[in-house]
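Below, subunit A partners subunit B and then partners subunit C, in two separate complexes.
The block that comes next holds the complex of A and B.
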């Protein structure tokens, strides 16, 4: 059998494409969690982003408005979460769950009129270079701008957290809100900003799904990706570069599933579909077993409310 | 000038008042949403919350939907009280339905008094087995129970899908994704002829009574309460944390599994793809709205059950999308959490002239 190198390249490219929404949402959530806030509403924010992007694209016809609108929608919905957890000091877990339930409901409500409408073609970059280098061309060229942004994001996030002053402040707020507050840092303001940023990235991840990856609106189309993104943050031990690796593994699982079916492997399709969820559990077990390592890398105040009496 | 002051102690009266406030605020916000969508708010709310339960049939449907919600929420309250975030009740319900459905299918052509107890027991065990996975992984492998229990929801639904499409599908069923009908001996008896309300409601009521007893009259209940307030204190007091974590997960798994049994041996009578319209997730809201108190959960399950019925009625009569139900559920939880602020803080009028 001759293996066509370009075919291998195409498979790798499709794995990367399915990793994009996971990378975006995980990197957003990572910043939120690094500031000490656990937002379980990722799935809800993603689905809101998905419907907002698709609806705005259909109504306005502008892809730019749609992409930024989806991010704005993510920001708006996460503002509810931020207001509740930061200003009204509610429990992070319960509020995040409410956000997901609310998001799924409201997206289906808005999306009712957009079911069955075909999407638009999203422009890709460097299309002319597609046949220049064997193997690498399909991986490097001919993708949307969101794709390139997603693969740059873990590095940007890592740089931001390690090398910039604002990144240091975010980490300080997450690891020790009391000392940060004593240093004159407005803990709540920082956390607000990190939550809204997470919302924007989840909105973008959703828009990628409904506008680029499978350009149409389907109810519940995020299909648990938000929860896998949350698991990826734990998997990465809050290190953005490792999110890239994790997202590629899960992207790979999704793509393998399609190819196994195409080849006609006699494994029940339900088992293949369940694979990403099962692997998530196994990976979580392996990562978390070393409780010392987890404790060292988890933001110390993760999920705990901070309130300063005045 | 108004100043926000921290209360010395959380107010007990407000503890039970805020759920009512949350429901009221949800109605107001719901009216606004209906108005934005172009419906007459009062008429829409009437179709949503009053019309569905205005007759005998509607009331029976209300109890039918409230039964699994109440049962699951009671189970979850064991977990939530002791700081264990089991959010995979939907999966435990599904797996309970699978195991009990399997037993019911073994006896599909037989009758006998022993069949129903076996089926019910199988459901509880199924739910417990499924809930023990996140519990064991949490206690012995330090794994996050939120993510594990949630991932297992997707897995359980896929197992069910595989079974009803493949090995368990009805051989005479023209390839529909469903199993054979259970025999009459495997069905929960109906309470009133012509209505769908079934004996599963007694399972829910029994759970309410037992949980009340455990919470307020046993040492275990006390331990759970202490662990809920502070894990450090619990450790200091020498409670066996691991044992308790596994126990509360098993209890909540059993309750969810029983809710699954109630669905398939009550209104459904066979296994198919959709054994539950997300009761397991909605019950999380019920548990909070009921303040993790057994009696509170009864009321909360009735209130939240209306959102299921209302969504159906409003869709039929006013073409309001049925997802409005979920939107209401999300809003109830938002408003409930928000109004909890009043528990810990109060508004104080201060005379600034002094």
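The block that comes next holds the complex of A and C.
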């Protein structure tokens, strides 16, 4: 096998494509968590997005309706979570877990009629430029709009949190809902909005899987990516730019281990398969060594219910 | 007056009883236990297609999906046996021990276990399909159609079923094209579309222009379609998912066997046996051949299919050597079923090691 630059470009492009759903879901969850809400229902919201997108694409034939429909489905299911945790003040962890179980179940039920139907081709941008620049062409060109959006999202999220007033309000609500409330901020409203936004991004991540990455519907097709997205938020210490790096490492290790197998590198396959998870654990351990930094970057009211009358 | 009442009561009881017996003899109820969801469009999906054939033949069926291969399986089996099912199909290898254990407690219920080898009680039968025959055909096509002489193979788990498939495929491909190389990537999953697609992409990026798979989803053929290489459908006809890429599919066809066995219970002719059916018995079906294949290859494949069906050709005909060059099957001999069932070594020409 000859390793040329285009081959490296292809590998990087594959890694980026596999990182897209992780980036979308993690950036959504990051905003939710920054407002002080821990929503463990990422997997459930993703799978609802996956089936909604696929079903709408099949029924209406419109990709635009399908993509926005999937985001709306994510919003709707996260509304349940928001209502339970914000209005009825239920426990975040238990409600989030219930949301995941609910999402997997209901998506399987809706999906019964959509098994075995091929998806539609999703248009890609700049395909004509695919062979123009060595190394960079496969990375930059010939991807779906969602791909480009996903790679812009961490920067947009970072700007939003650091430089805008609304971003500041979100952070304030997450760090000290009491003070924010005293300043006249409607904590409940902000948290509702952040939860629904997280739902929309998870829905989009699911739709990417069922409509673009592997255009088909099968039960459980998110395959635990929602949990990885959750881990990535902690991994990033709530910093959107680090989500980008984490998602690339995670997606990259899976793809590189497949390449190593195909080349015939004699490393036990089980070890290679476990590698992404091992690296995640190692990075988490390294990050949490600095407990002061963790305390500083964790939204201080994360997972705690807030009630104005408290 | 009340003599009359008693008499009519007794006679109606008798009547009821006879009616009931007649009903039981006619209404055979079949149950199916699935490892995955029926929505996997792969292994379980095909079993469910078989179940629907039983239903279409006029029998009542029930199924339980997503049953783990643990003590849960026993509980589900006991429940099904207790609720009036006459024959229960357990459709995954890991149900082997639970099936035999529960069969002992219900001697009047027939149990049919897929892909296993334990028949500890007279009411347990086993059945499996010779999928490797289908892979002989795929190998022949792949060896002929490849231009890069690199063939990719996405494998699931290192068990005899999968190793046998890789060997059968490689032997056939080498026979038509001694220069080919089979690159194997273990995905360690039966179905995870994302991972399967990534594995296929890695193989394609490394020059494979024909991709074979032993995982269940349609993600691999779709990836092949996108990349403009060839692929084969697994378990069901996947042509509509990738019309240009899919040259043919190997389909699992359980329906005829299921209908046969349920009918046998209804007629009282059911008996224990071990069934391992291939192309000849219609349990392994080759879908329509793609028109991109040259006509002489199509003719060759059709002949091979007929010869495999009649038994004239065997997928494992000697001389076959293992990777170290030791003789596995002598010239002119064929591998027996015992050897096939326990096959855990690669034949010569397969690259890499089997993960341990």
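Assume the second predicted complex is superposed on the first by the 294 of 310 C-alpha atoms of A that agree within 3 Å, B and C clash if a C-alpha of one lies under 4 Å from a C-alpha of the other, contacts with A are read in each partner's own complex, and residues count from 1 in each chain.
Assume a residue touches a chain if its C-beta (ideal position, glycine included) is under 8 Å from a C-beta of that chain, and two chains touch if they have at least 3 such contacts.
Because the structure is predicted, anything quoted here is derived from the model rather than measured.
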Which of subunit B and subunit C A:11 touches, first, second, both or neither = second
Look at A:270 in the shared chain and tell me whether it touches subunit B only, subunit C only, both, or neither; answer first, second, both or neither.
both
Going by the contact rule set out at the top, does A:84 touch subunit B (first), subunit C (second), both, or neither? first
Counting only touches as set out at the top, which of subunit B and subunit C does A:241 meet: first, second, both, neither? neither
- [ ] With the two complexes superposed on chain A, say which partner A:112 touches: subunit B (first), subunit C (second), both, or neither.
- [x] both
Interface residues of subunit A shared by subunit B and subunit C, listed 108, 112, 268, 270, 273
The subunit B residues in contact with subunit A across the complex are 6, 37, 85, 87, 137, 141-144, 146-148, 150-152, 154-155, 158-159, 161-162, 165-166, 281-282, 284-285, 288, 321, 323-331, 333-334, 337-338, 340-341, 344
Within their complex, subunit A touches subunit B through residues 40, 80, 84, 88-91, 93-95, 97-99, 101-106, 108-109, 112, 224, 227, 230-231, 234, 268, 270-271, 273-274, 277-278, 280-281, 284-285, 288-289, 291, 294, 309
So, in the complex, the side of subunit A touching subunit C is made of residues 1, 7, 10-11, 14, 18, 108, 111-112, 115-116, 118-119, 209, 213-221, 223, 225, 254-255, 258-259, 261-264, 266, 268-270, 273
The answer for subunit C against subunit A in the complex is residues 36-42, 45, 152, 183-189, 191-199, 201-203, 205-208, 217-219, 222-223, 236, 240-242, 351-353, 355-356
